[in-house]
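Structures follow.
Below, subunit A partners subunit B and then partners subunit C, in two separate complexes.
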Partner chain A sequence: MFAYYFQLGVRSLRRNPVLTALMIMAIGFGVAASMTTYSVFRATSNNPIPQKSSVLFAPQIDNWGPEDNDKGEPPSAMTYTDAMALMRAHKAQRQTALYPIAISVVPDDANMLPIMENSYAWYGDAFSMFDVPFLYGSGWTSTEDDAHAAVTVISRALNEKLFHGANSVGRALNIDGRSYRITGVIDTWNPQPLFFDPVNTSGFDDPTQIFIPFTRAIDLKLSTAGNNNCNKDPGDGYEAWLRSECIWIQYWAELPQSTAAASYKDFLTGYAAEQQRAGRFRWAPNVRLNDVMKWMDVQKVVPPESKISLLVSLGFLLICLVNTVGLLLAKFMKRSSEIGVRRALGASRREIYAQFLIESATVGLAGGLLGLILTGVGMLGIGLVFEPQIARLAHLDVQLIALTLLVAIMATVMAAFYPTWRAAQVQPAWQLKSN
Partner chain B sequence: MLKMTHLSKVYRTEVVETYALRDFNINVTEGEFVAVTGPSGSGKTTFLTIAGLLETFTGGEYHLDGVEVSRLDDNARSKIRNEKIGFIFQAFNLIPDLNVFDNVEVPLRYRGMKAAERKQRIMDALERVGLASRAKHYPAELSGGQQQRVAIARALAGSPRLLLADEPTGNLDTQMARGVMELLEEIHREGATIVMVTHDPELAARAQRNVHIIDGQVVDLAEDPRFHAQVHAARSPA
Partner chain C sequence: MLQIKPILVALKRHKSGTILIALQIALTLAIVCNALFIIQQRVTRLQRPTGLQESDLLTIQSRFVGVTDDGVAPLVRSDVLALRQVTGVEDAYATNSYPLRGGGWSTGTRLNPDAKKPTAQTTQYFVDEHALATMGAKLIAGRNFNAGEVIVADPKSLKTPPQAIVTKALAEKLYPKEPALGKPFYLGDDKTPATIIGIVERLQVPWSGTWAENFNDNAVLLPVQLTSNFTVYMIRAKPGQLADITKSVPAALFKNNRMRVITGERGIRTFAMVREQAYKSDRGMAILMGVVCLVLLAITAAGIVGLTSFWVGQRRKQIGVRRALGATKRDILSYFLTENLLIGIVGVVIGAGLAIGMNLWLVSHFEMARLSMVYVLAGVVLLLLLGQGAVLAPAMRASRVSPIEATRSV
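Moving on, here comes the complex of A and B:
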C-alpha cells in the first residue's frame, strides 16, 4: 500500500497547486535556514579525532592564582617550567608539549623564495598520539627528542612544492639557514577544529606544514608564534622568559586506561601542592584535566553566533511548520468527501492515517528538494556572517543532503499529525448523507 | 443476510433526543431485492448507513451475514464493508482525481489484492456496465448515467454479498435512470442481494419486496393510518 499511497501523494501535489506551493515553500525555506546554520554548527562542533578524543587530555595548572586567573579557572596554556616538569615526570603513556613557531624554509631551487608556513614545535610522541597519517617515513623518535636533533616532518603539500611529491625522507631541508633531515611526510591532515591548539587558532586554521622537535626549538630560542600571556614582567632574555610565569605552551597527555585520568589528575594536584610547598604557588592546588571534546567546550571553539543562528533558524522552521499544519488541514478537509467514500469502500481509520501521512511525507520530500537548492544557495552566503576559515568548512555533503531530506520529511509528517487525525475522524455517513 | 431486531438510533444533543430509528425490525434474506421507501426524514438513509456499517446504532441487534456487528471495532467493520458490501450512492461519489479504472480499483486496493487480479476484476466490472472503453476517462468527462455505472462497477468489482443503493437514480434523467435500474435488475437476477432506498414508487415497484419506513419504524402500509393520512394529503388539492 505504501507505493499506492505515495502515488496518491504525488498526484495530490498537483491538486490545489497554490496550497501545495505554499506548503513546499514554507518547508523548503524553513529547512534550508536550519540546514545552512546547522552545517556551520556541525563543522565547528565536530569531533576532530573521534577514535581518541576520550583518551587525549589537556592538563591545566593554575600558576597565576586567584588574583590573576579567570574566575578561578587555571590559565588555558602552560609555562615552560610546568610543561617540562610534566614531560620529565612522564606519567602518561604518551605526552607532548607544543607551541606554534614562525620559521621559513629556504628551497634548494634558487628561483624560489623562502616559504613561511604554519609550523609547530612538539615532541615525537605527538605524531602517534594524534594519529597523524604518514605518506612517507614517520615521526622522529624520543631519542632524537632527547638529542635535540635537527630533524623535521613536513606536510604532503610542502613536499609537493619542494620535491614534486617524491619521497623526500632522508633528504635535507634548509630551515632558517640550518639543515634538517626529513624523517617523514604526512599525508593530508587537517583536523577541524584544530583540537591540539585551540588557544592559538580559535579552533580553525590552515593545515600545519612543518614540525620540528620541541627541544630543538628551545635550543634555537624560538619564541612562540602564538599567544604569550604574562601576569608580571618576565625579565630580559630568552632564559628569563623560560623561567617566567608566562604561559604559552599547550600540553597533551594520552591516558588510555579508564583509571589513568583520575591518577593523572592526582599527579597534577600533587605537583601543584609541591609547587605550593616550594613557595611558588601561594594558593591551594587548582588543576584541570579535560579530554578533547571538553577542552573544545572550555575553549568555546563553537562560535556563539553559530549556536544562536542555529536556534533562530530552528525557530523559523517551527513557524514554517505551524503554517504547514494550517495549510495541510485546509488541504485535507477539502477532501472530506473523498475520505467518506474511501471509508465506505473499506478503508479503516488506520489506512486513512497511512494515506495522509504518506501524502504529507511526499509534500515534505518536495519541500526537502527545494530546501536542498536553497541550502546550496545559503552556503554561498555563510561567509557574510562567519569568519572565512569557519565558512569554508560548511559544505553540502551526502550526509547533509540526506539529513535535509530527512528533516523535511519528518518535520512535515509531524506537522501532519493533527490534520491527519482530523481527516481520520471524518464520519463517512455524514459525508455521504450531505452529498 | 441482513437482520435488524428492535434496533434504535438516537441523536442526542444537550437539550433534545431525536430518534432516527425506533424499534426498527427488518429481515432481508439472501438474494432478495428490497426497496425501502418513505418520506424525507423518515430514517431511510440512516437505516442504509447503519446497514452499511458506516454508522453505529444506539440499541437493538444487527446481524449481517450471521455476524452480530455491534461490538466490532473499526478495523473489523472496515473489513466487512470492504469484502461483503457494495455501495451505490445517489451522488455517485466517484473520486474526481482518479480515472475510471482507478476509481473502480479503490475497494480492491484495501483488500490487498494482487495487481493482475485487480486489473482482471476491474475490467470485468467495467465490461459489465458497458464502460470498458472509458477506463482512462475521468469522472468529469462522463455523463451522470455513465458515472453511476462506474459507481456500480466499483460496487461490483469486489463481488459483495450485499449491494446497498441510496437513491441510485435520484440524480439521473428518466432514460439514464431506466438503464441503471435495468442493470441493477440484471445484477439481482445473477444472485445479488440488493437493498435500495428510493423515493420513486415506480422504481420501488420493480423490487421483489417493498419496506416502508415512517418516523424511524417499518410499517405495514395497509394498516398504518399515517400512510393513509399521507396519501390523503398528497391527493388533496393544495
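Moving on, here comes the complex of A and C:
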C-alpha cells in the first residue's frame, strides 16, 4: 500500500507543477538555510574534549574587586601571583598554568628564514591533562618543570618542516637563539574550539606548534603574546609586572572525582579569604570553577553571528512551513471530489490520512533533496560571514545529510497534518452530488 | 465602494486560509524588519571613515628573532631608514598599531589625574614625525611632532611623553567648551600630563567590533619609539606603485636584517585588505540577511498567489453570479484586493508586535541596538504592497470570469 500511495503522490505532484515547485522550493530553501547555519553552530558549540570535558576545570579568582571587575564576575585570566600560589598548593590531581608566547624557530639550514609558529608555555602535566597524542617521545616531566629546563615539544607539522618527519626526540632546536632539547613530537592535535585558551583565541585558531615549560618562559622574561589586562599601572619592568594585579594567565585543574570539584572550590574560597586577611583583597572571596563546556559558555565561544543567523534561519524555515500548510491545503481541497469518490467506494478516513501524509512526505523528500543541493551551495558561502578558522570547521557530512532529509520530511509531514485532516473530513455525499 | 462586510462574511468561511496568510505575513514582517535593521547597522559600521588616505598604503608586521627588547631600538631605526629609501616608497614609520588592525592599546584619559572614572577611553598609537604624512591624516590645528621630540621607551615602563596629538573627537570629549590645543591631559594612571600640540580631524581605533564603538574615533598619537621586538610598519607608496612595493618592501626588510619573521595573515597587507578583513563578518552578515529577506519575501508572495488562486478557483461560480447580477470587472478586482488588504493589515499588526518583541529579545541576548520604528513602518508598507502585488494576478483572473459561469453548473 505504501508503494502505491507513494506512486499516487508522485503522480499528483506532477499534476500541478507550479504549486508543487513552489512547495518544494519553500521547503528546500528553508531547510538549506537552517542546515547551513546549523553546521556553523554545531562546529562552534562542539565539545572539543568529550572524554575529559567534565573533569577539567578553569578556576577564576577575583583579584580586582567589585570596582574593576565585570558586573561582579571575576576576571577571565589570572595573575602570576595567584597562578603560582595554586601551582604550589598542588590541590588537583594535575594542574597547569599556561599562556601564549611569541617565539621563533631558527632552522639549522642557513637557507631557511626564521619561522614563527603558535606557541604556548605550560607545565608538563598539561600533555596528559589535555590528552595530547604523541607521535614520538613524550611530554617533559615535573622534574624538568622544576629545573626550568630548556626542553620543548613540537608538532608533527613543524617536525615535517624541520626534520622531514624523522624522529627528532633528543635533538636540539634553536628557539630565538637558544638551544632546546626536543622531548616529544605530538601528532596532529587541534581541538576546536581551542578550549584551553578561549580568552586569547576567541576559541578558534591554527594548531599550536611549539610548547616550552612555563618556568623556562618566565626565566626568559617572555611576555604574553595574548591579552594582558591591568586595573592599575603595574610599575616598571618584568619583575614588577609579575608581582602586579595584571591578569594574563589561563589556569586548568584536573579533578576526576565528583567530590574533588567541590573541595577544590572550597580551597579557592579559602585562598581568596586568606588574601583578604592579608590585606591584598579588600572584598569577600569571589571565585568560580567551571568545567570545559561551562567555560566555553562563559567565554561566549559561539560567535553571536552564528546564533543570530541560526535563529533567523529557523524563523525562515517556520515561515516556509506555514507557506507549505497553505499550499497543501489548497492542493488537497482541490481534490475534494476525488476524495469523495474514494470515500464512497469504501476507503476509510485512515486510508485518506495515509495517502495524503505519504504524498506530503514525497514533497518533503523532494524538498530535502533540493535542500541538500542548496546546503552545499550555502557551505561555500559560510566563508563570507565567518572567519576562515571557523568557516573551515563547518562541513557537509553524512550526519548533516541525514539530518537535512529528516528535517525536510518531518517538517513537511507535520505541516501536512492540518490539510490532511481537512481532506479526511470531506463528506462523500456532498462531493458526489454536484457535477 | 469597499465591500468590507461581505468580505468579512466570506473570510469566515475560509478561516484556515485567512489565518495562514495573516500568520505568514506577520512572521515575514518580524524577520524582515529585524534583518533590514541588522543590514543597516552593519552597512553604517563598514562605511565609517578611518581618517587615513587608504589608497597606496601598505602595512607590515615584523618580529625580530633572537634579540632582547633593549637591543631592538637601533634595528627598528635602521628598518625605517631602509624603508624610506626603497624605490616607490613615499614615506614610512614604525608603530604599535593602526586603524582597523584588530589589536592595539587602549587606556583611559583624565583631566584630573586622581579621578576614579576616566573622562574618555582612547587608543594609543606610538609614532614618529613621519606618521601624519604616511597615514595621510589631516592636521586641523597645531603642529606635527618634530624629530627631536621622539623618545625611545620600554613598553613595560612607559611614561607619558610631554607632547601628544589627539583626534578632534577626543579633544572635544576632553575639552567640550574650549579649544583643546595647548591644554594638558593624563593617560592611564600616569601623574604627569601630556600637552595637546596638535589635533587631527579623524583617526579610527584598531578595533572594528561593537565593544570599541563608544570610542571609535578617540585616538592619541605619542612621539614614542617602543622597544618591543614586535613592530608594525606603515608605508605609503608613491601613487600607483603600491603593487610594486608590496613585493620590494619585504625583500628590502629581509635584506636589511634576515633574523626576523613577517607573521601570518596580518603580516603583509595593503590597507584595502586590512579593511576587507576587519569588516568581513559585517559585510557577510549584511549579505546573508539581504538574501534571507529576498527569498523570504519571494516565498511569502508565492504563498499568497497560491492560496488566492485556490480561492478564485473555488469561487468561480459565485463570481459568475455576481457578474451576472451586474458587478463590473473592477468590482471583482477590488473585492480580492480589499480582501488581501484586510488580511494583510491583521498580519502586519501582529507582525509589528512580533518584530519589536524579537528585537527586544535580540537586544537582551546580543549586543544589538533598539529597532527604529522607521524599519517597522517600512516593513509594514513593503509587506502590504507585496500582498497587493501578489494578489493582482489571481484577482485579474477572477475579474475575467464570465457571467455565463453562473448558469453552467447544477
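One rule holds in what follows: the second predicted complex is superposed on the first by the 409 of 435 C-alpha atoms of A that agree within 3 Å, B and C clash if a C-alpha of one lies under 4 Å from a C-alpha of the other, contacts with A are read in each partner's own complex, and residues count from 1 in each chain.
In this section, a contact is a pair of C-beta atoms (placed from the backbone, for glycine too) under 8 Å apart; a residue touches a chain by one contact, two chains touch by 3 or more.
Just so you know, these numbers come straight off a predicted model, no measurement behind them.
S.K.: Between subunit B and subunit C, pick out the one touching the greater number of residues of subunit A.
M.R.: Per-residue touch count on subunit A favours C.
S.K.: Does subunit B (first) or subunit C (second) touch A:Pro304, or do both, or does neither?
M.R.: second
S.K.: After the superposition on A, what does A:Asp291 contact: first (subunit B), second (subunit C), both or neither?
M.R.: neither
S.K.: Look at A:Leu318 in the shared chain and tell me whether it touches subunit B only, subunit C only, both, or neither; answer first, second, both or neither.
M.R.: Touch status of A:Leu318: second partner only.
S.K.: Have a look at where A:Tyr238 lands relative to subunit B and subunit C in the superposition and call it first, second, both or neither.
M.R.: second
S.K.: First (subunit B), second (subunit C), both or neither: which does A:Leu329 touch?
M.R.: Second partner only.
S.K.: Does subunit B (first) or subunit C (second) touch A:Arg342, or do both, or does neither?
M.R.: first
S.K.: Tell me the contact category for A:Gln427 with respect to subunit B and subunit C: first, second, both or neither.
M.R.: Once the two structures are laid over each other on A, A:Gln427 reaches subunit B alone.
S.K.: Please indicate which partner A:Leu19 is in contact with in the superposed arrangement: first for subunit B, second for subunit C, both, or neither.
M.R.: second
S.K.: Can you list the residues of subunit A that touch subunit B in one structure and subunit C in the other?
M.R.: On subunit A, the overlap between the subunit B and subunit C contacts is residues 435.
S.K.: Using the touch definition from the top, list the residues of subunit A that touch subunit C in their complex.
M.R.: Result: residues 19, 22, 25-26, 29, 33, 102, 104, 106, 113-116, 176-177, 223, 232-238, 240-241, 303-305, 307-309, 312-313, 315-316, 318-320, 322-323, 325-327, 329-330, 333-334, 381, 384-387, 418, 422, 434-435 of subunit A touch subunit C.
S.K.: In the complex, go through subunit C and note every residue touching subunit A.
M.R.: 16-17, 20-21, 23-24, 27-28, 30-31, 34-35, 38, 63, 65-66, 154, 156-157, 188-190, 230, 254, 258-261, 263-264, 280-281, 283-285, 287-289, 292, 295-296, 299-300, 302-303, 306-307, 309-310, 313-314, 362, 365-367, 409-410
S.K.: How about subunit B: which of its residues touch subunit A in the complex?
M.R.: Listed in rising order, the residues of subunit B that touch subunit A are 45, 49, 52, 54-55, 74-75, 78-79, 81-83, 87, 89-91, 93-95, 97, 106-107, 109-112, 154, 158, 166.
S.K.: Quick one: which bits of subunit A touch subunit B in the complex? Just the residue numbers, please.
M.R.: 1, 4, 11-12, 15, 337-338, 340-351, 427-429, 432-433, 435
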